């Protein structure tokens, strides 16, 4: 009995090392998952071609079923070994802790849409939209990349400034689209029927996309459009400046730290005693 | 009599604390104002849909009347307690001082358009355009946010450089549109009938919006268009560089200040001699 | 005789102070020139409207004649007092020195097109194109602004890096347009008839203007277009980074200079003698 | 016999100096190559005009044959003197070493397409596409420019961060195009027939090119398009920030190095004690 439990424990330990620890085995395991995700993405793209869907529909079905099966297996495996992550917590508490981490939630969202239609009576069109969530599996790729961290740190540190930029953008969009609706609404009622339609123009102009499906034709409208387009350039300048300074601060802080460690004298040149800071 | 004046004074003090000082009560008051502004924005947007205007016109009317009433009340309240802001000035001088602050002027502009048509004989179309100013209420939101200050400080400090950029842009726009008018005016008289119409093309090209409603078709015109589009990229680079350096200077100045405060020791604590670095 | 020469000399001195030195009189003189330039620009723009040209043609003619007369007077005046600029040189050498400064050349180009048709037999259409140079008068405005100097200094210091960026852009444009011509030339012969037409598409895509008059329709063409558009974002990043660093270097150098002057000790704390650097 | 070998050796030495070392002769040689490349580019562009091809086809043929002959000669010459580059290696090892350098591979690719059709049975259309590689000769120009190095160093040093940006962009493009396909696919089946077509829209929007050939018309589609366009601005901000910081780090590192070289004195020149700062 004790022996059996020990064996089970050692299997679980091996699984934990395979999945979560760094090493040769874990590398193979993780690359297999990445490959499976890439196959999934390819299948989703190819499936969208009507002719390919007609000819190879069963293959796409097979890929989907297999990958959902394997992703489910991976999810259950990770949940099973989760108690080895937090040794100080009880088995089920640590599993709950793992289940609510963002990565585990994404993993769950990647497989859940497949099981839901089996449980509830469903509408085909809603099913189709749910399948989009399959793409969330791509984010799993990030899990394995570490270079992502620096960039996301900088964005996190500059959250407040970026939020103000986004808020200012929204205010600008609202002001521009309301003004444009009052200016062009009577002249082009089919292009600017309401403020929401006018917002579509404002976004396309402020971001300098300029599809060309809606644009002002009156003098006043064109003046407003020009001002918004020039402000759009300022809109590019703000986040760029924020992120540039974020990168530079990171570099500057690292340099200062390095200098503190390496360059400042540790002992007084006169008496030879340690310097008190 | 004295008692009554005292009571009035204490009520005014309470109102001042409620509106202008930080605290629990002021927070509730300010969030109510923000909520009212957001309801106003939603109403303006929804009202622009003809079908909604037809069905719920009276509700939109109610929202407008109520919010103008509440905004007016808030404005009068702020004006009333304004003398507590500048204790060294007389009652009416301090109220005038408050009334000409940018924030108070925006508050006034947000309610004035409603009262004006009641006083003067009016034209419906002008009224409609005046109502756009209702959106200025959005700026009130900024009053309560402090993160806005850093960004506006940087822009303020870099005012001179940004002004030169805008001036250069205007010169470039003028030169490009005049040249393009002389180049394409004869070939596409309906697209480039005069320099102002040509300016519309120049703005769309320099800001890289490119709606596609007007574009050159001659070789010379396309050459000019290409040069302007490439210069447009430089136009993005200039303000971005200016604002980036503004952020970095702010960071650099703060760092220097910080270093001065938690300064490194200049003398050895054991022998009192200067530390050699 | 001597008296007359002295009088003439003192008049010239007064004129020199009025035009070139800073002061009340010179301010008035310079602002008048700026005003004249602005009137000229307004006239050029308004004149381009056919209806205004028909009604007020004589007024535009009057403005043109008057301003060319006044600009000529200013040019001759500046040339006359030029010997006071370079006191160590002879009269005519210093005038020649002045005449070949960029500012003097621009001044000359602003008035020359008016006189040329009087000297040589001319074609009306060429005259029209020459008149565009009238806009060069705008650059005179810069002469009076000093804030322009910092920006132009940074661009001058970063000339080499910016030149490499422009060269890379040209190579990229050439490669992209040749490839696109070979890819789409057979499918859309009217949109991509030769590499020059294809270059027009390449510029519009790389600068992210995207007029929408020419775009690829084949899979390979769209792939190339996507790659070029993404590289276009890198194209924005390069000059922006260059100019950002230019601004930061300027700031950093100024700070170091300041620190050298203010913060480093000038005398040895032990013996009181000056520190040799 | 020995004399002949010596003569041959001295000729090879002269050729090596002419081609690879800096000096008057090498300058002339290299400028001739650059001129030849520019003539080639001009010929490729002019040749694409059907009318010029019809009239001057034989001249273009002559330019092509001559330049391929000269480029081949140059390639063989460089290969021949390659053993003088790596004196410690054997003749043929050093030639192989040279042949696999990127510059030599580009040189080979620039002439190879010309010889291949002579060896293998060929299809005219494939030949035409192969000829595009002729443009690779442009890259030879970079070989002679040194300013290129700083820029490519910075890009190389920031490779990891730029790669993450590109990866994030690809994920974003994939997510956006799949979502848009599910949203607009049924409403506009001719504009969004599959995810690849949808990807074309996503690239045009995220890079803010906005040709205007495909754009959403439903409310949900426009919301997604707006979000993608705003994220596109962030996409510009990331590489710009990365490259800005790269330039600044380069400057900062150079400055530190400089300071170390012309170091501030650490000891008083008069009394020999450490200087207190």
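Observations on the model:
The chains carry the letters A, B, C and D, assigned in the order they are written, with residues numbered from 1 in each.
Throughout what follows, a contact is a pair of C-beta atoms (placed from the backbone, for glycine too) under 8 Å apart; a residue touches a chain by one contact, two chains touch by 3 or more.
Note that the structure is a prediction, hence the values are computed from the model and not measured.
As for how the two copies subunit A and subunit D face one another, under half of their interface residue numbers coincide. Distance from subunit D peaks, on a Cα-centroid basis, for B. Here B-C and A-B were compared by C-beta pairs in contact; the pair with more is A-B. For this pair, subunit A with subunit B, the centres built from the Cα atoms lie 31 Å apart. Contact with two or more other chains is made by residues 196, 208-212, 236, 240-242, 244, 248, 252, 273-277 of subunit B. Remark: subunit C residues 41, 44-45, 48-50, 128-129, 131-132, 135, 138-139, 141, 145, 147-148, 150-151, 154, 166, 169, 196, 199-200, 203-204, 207-213, 235-236, 239-240, 242-244, 246-248, 250-252, 255, 269-270 touch subunit B in the complex.
In the complex of the two chains, the subunit B residues touching subunit C come out as 160-161, 163-165, 167-168, 171, 174-175, 178-179, 181-182, 185, 193-196, 198, 205, 208-212, 215, 219, 222, 225-226, 229-230, 232-234, 236-238, 240-242, 244-245, 248-249, 252, 274.
Residues 208-212, 240-241, 244, 248 of subunit C are the ones that touch subunit A when the two sit in their complex.
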